[in-house]
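Before any comments, here is the structure.
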Amino acid sequence: MRLSELLHCHVIDAGGASLGSVVDVLAVWDGPPSDGSDATLRIAGLVVGRRGIGVRLGFHRARMTGPWPLASLLDRLERRSSYVEWEKVTSRDADTIRVSARRSDLRPPPPLPR
Amino acid sequence: MLIVALVAVAAGCVAHPVGPARTYGKYEGKAVTTAKGALSAVETARLIADSASRGNAFGPYTGIVVSEAEDSASGVQGTFASIQPPDDRAGKLSSELDAVLSDAVTHLRDLRVAARRDELSRLGDVAAPLADDSRRLNDFIQAHQ
Amino acid sequence: MKRAVQVTLGILTAIGGFVDIGDLVANSETGARFGLNLAWVVVVGVIGIIVFAEMAGRVATVSRRPVFDLVRERLGPAFGLANLIASFFINFLTLTAEIAGVAIALSLVASVDYLLLIPFAAFLVWLVIWRLPFQRMEQLFGLLGLALIVVLVTVVKIGPDWNDLFRQAAHPHVPSQETPFTYAYFAIALFGAAMTPYEVFFFSSGAVEEKWTLSDLTLNRANVFVGFPLGAVLSLSLMVGAALVLQPRNISVDQLSQVGLPTVFALGKVGLATVLVGIFAATFGAALETGLSAGYTVAQYLGWPWGKHLRPDQAPRFHLVVLLSIAVATLFGLSGVDPVKVTEYSIVLSAAALPLTYFPILVIANDTDYMGDKTNGRWVNAIGFIYLVVLVVIAVATIPLMIITKGGA
Amino acid sequence: MAERQYYLGLDLLDRQLVADDGSLVGKVDDLELERCDGGDELCVTALLSGPGVLAQRMGRRYGGWVQQAQRALGRAGGDPTRIPLARVVSIGSHIELAPGSDELAGPAMDHWVNEHVIGHIPGSRHAPE
């Protein structure tokens, strides 16, 4: 499958409520890059929420230093999305993903250390 | 948004749209706009004729500026003539302005012919009648603004 | 010493490169029509282009990623594509206007109808893009463009009451014969002329073309902080010249040739010859920049090889886009469109489209992933954000104003 | 080397692909995902690049159009390029690839344009001077 297909999926929580759609995917590189064929980039979790420009710009997940009003606004917009670990995915078909978590238990996506 | 812009640009670049004038007031407004356009052309021609006759401009440049002024004046004249006067009063206004415009276009044509013949030193004399056209256009604008 | 020469050369190029057909037309037109009541817009515009170009140049130097690369990366492929289409179309209008401008400048010397010269001018533009190395091209037309300093000399020669000029410029009002709408419309036109997006496409791609490194950031700043303001002085001189010579005579500017009238009036034949060289160089330089920008934007969006530092057969799709753009612009110019009208629309729409490219650059300039410790400082961000708001307001107002004023008629 | 994490949409999608010789060879238009070692987890196995991939991502309809155009053009249309993850050397403001990029779609399209248009214009094989 392709990443873009995953990015269009609708996400439903344990109680049957909609969490929005997959807006981004967190992946972990097991093993160093450029070190032969055994390096893998494994999907670790989904960023779920409403699609929008704020998420795309990555003000929360990336290291953005400003400009102040814009950064805080977009950061807040992005914090409204939530992060679901891949282990919590219970079923998955062409356009819907069900997860075992509830909205209230979820946290915003983690910013990455750089 | 993009389509609106495209259409606006296409319409704006190709032709100057002339709407109809349904009242005397609207017609008078268009007459003043026309007179201003013609005045600009006449004054442009006078300015370059004056400079050229004193040896301050080259022939090719002078020729093109003058012929653009002529085109511009006859252009606004033609556009104005295509607007139907809504009543008799407007009809009178039309013939009043058209008389001035025709004189101006004739004088600009004379000037263009002289400039194209490279008779730069004569341009001051040839342009002399334009001073009167300019005054009449100005009077017209003052009277109807 | 070599460094000093390079900086000086950069500044001179920036002065000459600042003015193009949009500035020539917009400043003369508004000077003749509004006097100095819109002079403040030139100042606002030049500060805007300084902020924008400095950021774009810094981002391109540090990350080696030019504007449209980042537009797609930050805005996504769909919105990025809409952005590309809008920017490409406006750039195309500007390219058409500049090619026509080159042809008109030549026609004023050769006394041939400019339409006959358009194919020749277009071919010349393409040939220079095809054959001349980037730096030499930039320097040649930048330096020739310095001939436009003659418009400053024009104003000095006329010898106006400077105090009176400053007083007029500092107390702007809407002239009695104009409406607030036409005033606003021409303000946007002037703003768009000063802050044209292609200048930034070109500037940031140029930083990559010339293989700028971190040590060239000083050069970037010098070009922008010294070159652009001096370029703006030329713009203001055009406006003042028109206000002094054309406005009292009730002359309105609707032909490129009229831009030279104040100089003819004040300086005679030598002035005329110089100003024609300046108009030629400014429009030719800008035709090169917009022609290249057509290729830059498409290639950078799609990830193709681009640029003049490569042999044409190493960047064939880029050169194909440039070639086709110039060819179509030539046909559009030959179709009898009024070059001055095309110019007016191109600068007004440029102003409207500015947020599309300004916003991603402002964002990336704050991304430590790209910029390391070269992100925007607090002051740059403060001004950068104010301009973002200004640009958005302008973008929203432009199309309604265009309709209300019937294109500034 | 420490375990590195990436947001695939933010850090990989739409980034510039750069070959080992510094030439630009396309964009990351999509990513290929497969089950890791037959388990439940998904792994990125390859980067995908090419106009068809991009069009498909923006909507199935556009993808169909581009595929039709590609069939008409043959090789010139550029096949979707699959770049195995092992070929990725580094991920940053651009994505650097290991040697062997000649078979990618981008260079193939450039080759076609050269053969049919640009290569026929005098001076195309000379650096500007």
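As written, the chain order gives the labels A, B, C and D, with residue 1 at the start of each chain.
Everything that follows uses one rule, which is that a contact is a pair of C-beta atoms (placed from the backbone, for glycine too) under 8 Å apart; a residue touches a chain by one contact, two chains touch by 3 or more.
Note that this is a predicted model, so its numbers are computed, not measured.
Colleague: Applying the document's contact definition, name the chain pair with more C-beta pairs in contact, A-C or A-D.
Modeller: Result: the pair with more contacts is A-D.
Colleague: Tell me which chain's centre, taken as the mean of its C-alpha atoms, is farthest from subunit B.
Modeller: If we average the C-alpha coordinates per chain, A ends up farthest from subunit B.
Colleague: Please tell me the distance, in whole Å, between the geometric centres of subunit A and subunit C computed from their C-alpha atoms.
Modeller: Computed from C-alpha means, the inter-chain centre distance equals 41 Å.
Colleague: Please tell me the distance, in whole Å, between the geometric centres of subunit A and subunit D computed from their C-alpha atoms.
Modeller: So the centre of subunit A lies 24 Å away from the centre of subunit D.
Colleague: Which integer distance in Å separates the CA centroid of subunit A from that of subunit B?
Modeller: Whole-Å distance between the two chain centres: 66.
Colleague: Could you work out how far the Cα centre of subunit B sits from that of subunit D, in whole Å?
Modeller: Taking the mean C-alpha position of each chain, the two centres sit 59 Å apart.
Colleague: Tell me, which residues of subunit D touch at least two other chains?
Modeller: Within subunit D, the residues that touch at least two other chains are 57.
Colleague: Out of subunit C, which residues touch more than one other chain, so two or more?
Modeller: In subunit C, residues 76, 369 touch at least two other chains, as defined above.
Colleague: Give the residues of subunit A that touch two or more other chains, as numbers and ranges in rising order.
Modeller: As it turns out, subunit A has residues touching two or more other chains at 56, 58, 62.
Colleague: According to the definition already given, which pairs of chains are in contact?
Modeller: A-C, A-D, B-C, C-D
Colleague: Can you check the complex and tell me which residues of subunit C touch subunit A?
Modeller: It is residues 74-76, 79, 362-363, 366-369, 375-376, 378, 381-382, 384-385, 388 of subunit C that touch subunit A.
Colleague: Can you list the residues on subunit C that touch subunit D in the complex?
Modeller: 63-65, 69, 72-73, 76-78, 80-81, 130-134, 302-306, 308, 311-317, 319-320, 323, 369-370
Colleague: For the complex, which residues does subunit D have touching subunit C?
Modeller: So the residues of subunit D in touch with subunit C come to 14-17, 23-27, 29, 49, 51, 54, 57-58, 92-94, 106, 109-110, 113-114, 117-119, 121, 123-129.
Colleague: Could you please specify the touching residues of subunit B with respect to subunit C in the complex?
Modeller: So the residues of subunit B in touch with subunit C come to 1-2, 4-6, 8-9, 12-14, 16-17, 36-37, 39-40, 43-44, 46-48, 51, 54-61, 63-65, 68, 72, 138.
Colleague: If we count contacts the way the header does, which residues on subunit A are in touch with subunit C in the complex?
Modeller: Per the touch definition, subunit A meets subunit C at residues 53, 56-58, 62-71, 114.
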